[in-house]
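Two complexes follow with chain A in common, the first pairing it with chain B and the second with chain C.
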Partner chain A sequence: MRSSNVSAYSYIAPAFALLGLVLFAPVFYGGWYSLQDIRYGAPMGFAGFKNFARLLDEPDMGATLLRTFIHTGFSVVITIAIALGLAVWIDHLAPRFAFLVQIIVIVPWIISTVVAALLFRWVFLNDIGLAAWAARALGFGSFQPLTSPAGAMSLLIAISVWKRVGYAVIILLAGLKSIPDDYNEAARIDGANGWQIFRRITLPLLKTPLLLVAIVLTLSNINTVETPLVTTGGGPGDATRILAIDVYERAFVNFDLGGATAMALLMFAGNIILVVAYVRFTKWKA
Partner chain B sequence: MKRQFTRRAALLAGLAIATLAGGMAEASAQTIRMWTFLNPAGNAPREKALAEIIANFEKANPGAKVSVEPQVWDQMTPKFLAAAQQGTAPDIVWVITDLLGDAIKSGSLADLNKLFADKWSTERKKDNAGAYWDLCQVDGKQYCMFQSRNYVGLYYRPDLLKEAGIDPDKLTTWPAFIDAAKKLTAKEPAGTVTRYGFGQAWSEAQPDPQIVIPYMLAKQGDLFDAQGRARFATAAGIEGLTLQTEMVTKHEVTPKLVTSWTVDDLYEQFSAGRVAMITGASVRVSTLQARMGKDKVGFMLYPGVDGKPHSPGVMAGWAVGVWSKGKNVDLAGKFVEYMGGAEADKIWVNVGGQTPGLASTPATMPDFIADPANAYLAVAGKGSATAGWLAPIAFSVGGYRQALNKAAQEVVTNGLSPKEALERAERDFNRRNNR
Partner chain C sequence: MAGTSASALLRPKLGLGASLALSLPIAALIVINLLPLFWGMLTSIKPESVIFAMPPRFVGFGPTNVHYERVFVSGFAQSFMISLFYSGVAVVMALACALPAAYAFDRFDFPFRQSLFLLVVASIPLSLGAAALLIPNYVYFVHLGLVNTPYALPLIYAAHQLPMAIWVVKGAIEAIPRELDEAAIIDGATRFGVLRHVMLPLSRPALGAAGTLAFVGSWNEFVAGSVMIDAPWLRPIQPLIYSFIGFFGREWGPLTAAATLAIVPILIVFALLGRLIVSGLTKGSVKG
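Moving on to the complex of A and B:
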């Protein structure tokens, strides 16, 4: 028994070593880097927790966290709500039509994020562009989301929802397909209506895919840098300056690599805490 | 069977000899790596000029090869600084002016005096003299030579100004400029603006200096104090930012969307005829002329204040240096010297549409300089000589343009007063630079 364990471990050891190198080495390197005094892009000496302390002194840090929370919270909730509705609808469609709808829904997910962000930017960049024309045609008058703080944040959330809803639909649809028809039939025989079936049977049985979707969406929204960078650049003012943009700007605009690494590490820790909290909160069992 | 074996052996031996010979030839060739934002395989005028200069150099120096590794312009210098510390930097690098001080202080750039400039004649030294040459000099050492010299001023559409009866030479005060911008702003009967008089770019992404900067420079001479702390929230700064933002809020000659426009967006809008005048860098004139037609792009200096005809424009450019710890320092120095020499300077001007780097160059190409389409070269040259401002290198000034662009955004979109916005910009700049 023991020798077979040794053989098994020896088989998976190379893969684990490679994974460790690719996944964990950057984290440890980042940890070491964040404790250094970085000048001209290179560590010049041990700085202790100075880089972290500087972050706490930032007067705008609270506002950046709040914006990140708003962006992530609204994006995740709206995406899941729309995806759930779409998944349930697709589940009731004829197979061929359902397949076609799935293809359409998944397209934004497979488009490059930068390309998608650029497309949205071009649409809203000009006051005589496509969006402005559509808004005027619909009687909304002038429509320039990039020039107002609320508009810019709403646009970012809209792009996030558009981009990620396809992924959520596919996962939730897979969850719906795995629910045996017998349960619904039994409920119907017992006199349950559609809403009651959905509320009492479908939703509880979708707990695992919902949790998975929520975790993936939360992490991807917290860590997204391409969409805000390309679409709004964090502006106007600080309106869309979320944590990921702040890390980027520290590193590549102000060249404060020590501060940027410290902040990235804190975000990494935050990501882990969030995942653990989700799993605990929903008492997930695999 | 035996014959077949012999043939195979002969073939293999031949291949081995050919490979060995190729390897030896490669070993005798010396390759220097260069980081620049220009891609010699590209079609932009400056890229074509660089390709020609490299080809000429390689022809004149058999065995030498210049390998260009194109980089993203605003990340190139920090990347070079990091690579130099780790021993992987290229032999030659183009350093952005804002970070030139950091590059010199880091010890990553070689002294060009030792490599070649000490051997120059007095005439040659005189030919190169000027503010750009001086900027590279620290404690008697010469750390760089400038290429792609840039002067930030104003682009205009000569045809549209002519149509509106506006003489660009007379736009020497801001009120006159605003009047011209109003005349150039065109509206449909329904009120939709089809063309704005003046375009700006206030995005924080890869920003060019906007008009608050020349205004402040004209009034207070500099943007920083001796310790490198920002001097934005001053009376001049407040007036300048008010002027800049009122182009949107009061005079309505600039669209509100400029809060999110990048310089590239601005050039696109200008090319498309959506704006008649824009802030812009002289180095891009040739590119836009190639796209729009030579008669469609003019370049002028900023209007002045307090009776002066022009406000100072930001001078910039690319400080080309040799990595001090590179393996091919001598050859790299030779190429940098050639790239800034008389033959290459003519190519930069003629093919690349760049402002001459040497005092002697204009006299060698009078017809080119006299061509009205190339008048921008003389304008940029005049600006550099009479009104230009080079960012100091005693301290890092990276991020000042972003901070001022954000201040303009805050005024127009968040309703902050220019004073509040500039105080915030000043505080952010100083904090981020640990000052």
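Moving on to the complex of A and C:
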């Protein structure tokens, strides 16, 4: 028995070595590092919670948190609303259409954020772009969202939604497919209309996929560095400076690695709460 | 699948209202999701004078490759090749670690099996936490001397894709009847023999799905690539394109040419294995 345990561990050892090196060990090392006095990236001796305390003193932190909350909240809610509508619609399409539509829907998700944001800017944002030309031709005024704080935040939310709707559609569609047709048939025979079926049967049975999608979307929106970096750069002013961009610039623009590591660990603790929720809702069994 | 097509057959022929309800959302989706792609590719082959023409020109210009030439003299080929290398190694490493782990978690009984698998499941959303994990990851890799080496990114990408790969492959192994392992063992196969001759061939679709997702994720990754690497010859493709935005500014010809080239491997993978991406996502039901 013992030797067979050893052999079982040898099958999972490579996986855990890799996860340990990249996911687990850095958290412990970062914990130690964040308690050090960091000069030019090098630990210079124990400093207690100085790096953490410094974060609390910063007057802008509350506003950054609020912006993060707005960006993530709106992005997640809008993404799920659109994805749910699309998934229900695709579920009713004939199979060959359904597959085609799924492929179109998933395209922004399989393209990198950098390239997607670049193309999005060229077509929809540029004052000499296609959308600006169409807007002028149709008699609308000029469209320059990047010049106003609310416009820039709306734009950031729009791109976050555009990028991730496809992912949410695929997951929700898988959830819809697992609902037996008989349920809907039975309800229809009992005289339920489309909305009632959606409200009383589809939604409750979609609860788990909806929660999982919400958690994953929340995690990826909170932690997205590239979307704001490539589209708005955090501006104008600080209008789209969310937590992820703040921690990134703290580390790699201002080179305050002590403060950035402390902040990253706080974000990590927040992520863990979501991860625990995720694990609870995943029907995992070993 | 059979149920869906049966109900499609039962559906009456579409009237005008219904076909409008079908075609309007599809038209909107095509404009919002595919137009930027198409317009970017078209821009990349237009001569400078046509790019900014008003009204926009869709046809009637001589296609040019000047923008592609400028992109290539700016170090594009090197980044393209190194990104292929990073993503390829990451896919192979992730699958090579995932298959035995998934097999052990499904078929063996050993102490801490549940808790260790729980750790894998928790790592799926955890590896999405780019901003939170990136900085501890960076200071740790500085400490190990891995920053700015060819090893950093394959290791990071493989580890980020691994939990999902284990999950997807384990799902496939669950579906393989245990009688097959038992028969093989009676025939004298070892555990490794079962892995090699039963699990590997029968979990190929799942390995394909997991590998496809891992490739797309690694190829598209930007933040770790820009933070861990300074040397131009090691710089992956996404950070290079980001630096082009500053370098070329409003020269949309070279910018769209670089974007087009960066999409090509993804489109090839997608055209060949699009079904696997959808099925991998569905099986995993998790990553964002």
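Remarks
What we mean here is this: the second predicted complex is superposed on the first by the 245 of 286 C-alpha atoms of A that agree within 3 Å, B and C clash if a C-alpha of one lies under 4 Å from a C-alpha of the other, contacts with A are read in each partner's own complex, and residues count from 1 in each chain.
In this text, contacts are C-beta pairs under 8 Å (C-beta built on N, C-alpha and C of every residue); 3 or more make two chains touch, one makes a residue touch a chain.
All values reported here derive from a predicted model rather than from experimental measurement.
In the superposition on chain A, A:127 makes contact with chain B only, not with chain C. By the touch criterion defined above, A:239 reaches chain B but does not reach chain C. Of the two partner chains placed by the overlay, only chain B lies in contact with A:146; chain C stays clear of it. Once chain A of one complex is fitted onto chain A of the other, the partner contacts of A:256 are limited to chain B, with no touch recorded for chain C.
Taking chain A as the reference, the larger set of touched residues comes from C, when chain B and chain C are compared. Residue contacts after overlaying the shared chain place A:41 against chain B and chain C alike. Of the two partner chains placed around the shared chain by superposition, neither chain B nor chain C is touched by A:74.
Shared contact residues of chain A with chain B and chain C: 41, 126, 128, 229, 252, 257.
Chain B makes touch with chain A in their complex at residues 74-75, 78-79, 81-86, 99, 102, 105-106, 108, 192-194, 203-205, 255-257, 259-262, 265, 269, 274, 396, 398-399, 402, 406, 409-410, 412-414, 416, 431-433.
The residues of chain C lying in touch with chain A in their complex are 1, 3-5, 7-8, 11, 22, 25-26, 29-30, 32-37, 39-40, 43, 52, 54-56, 93, 96-98, 100-101, 103-105, 108-111, 113-114, 116-143, 155-156, 158-160, 162-163, 166, 191, 195, 216, 219-223, 227, 238, 241-242, 245, 252, 255-256, 259, 262-263, 266, 270, 274, 277-278, 281-282, 285-288. Contacts from chain A toward chain C in the complex involve residues 4-5, 7-9, 11-12, 14-16, 18-19, 21-23, 25-27, 29-31, 33, 41, 86, 89, 93-95, 97-98, 101-108, 110-116, 118-120, 122-124, 126, 128, 130, 133, 137, 162, 164, 166-168, 170-171, 173-174, 181, 209, 212-213, 215-217, 219-220, 222-226, 229-230, 243-244, 247-248, 251-252, 257, 260-261, 263-265, 267-268, 270-271, 274-276, 278-279, 282, 284, 286. The residues of chain A lying in touch with chain B in their complex are 39-42, 58, 125-128, 144, 146-149, 152, 229, 232-239, 249-250, 252-257.
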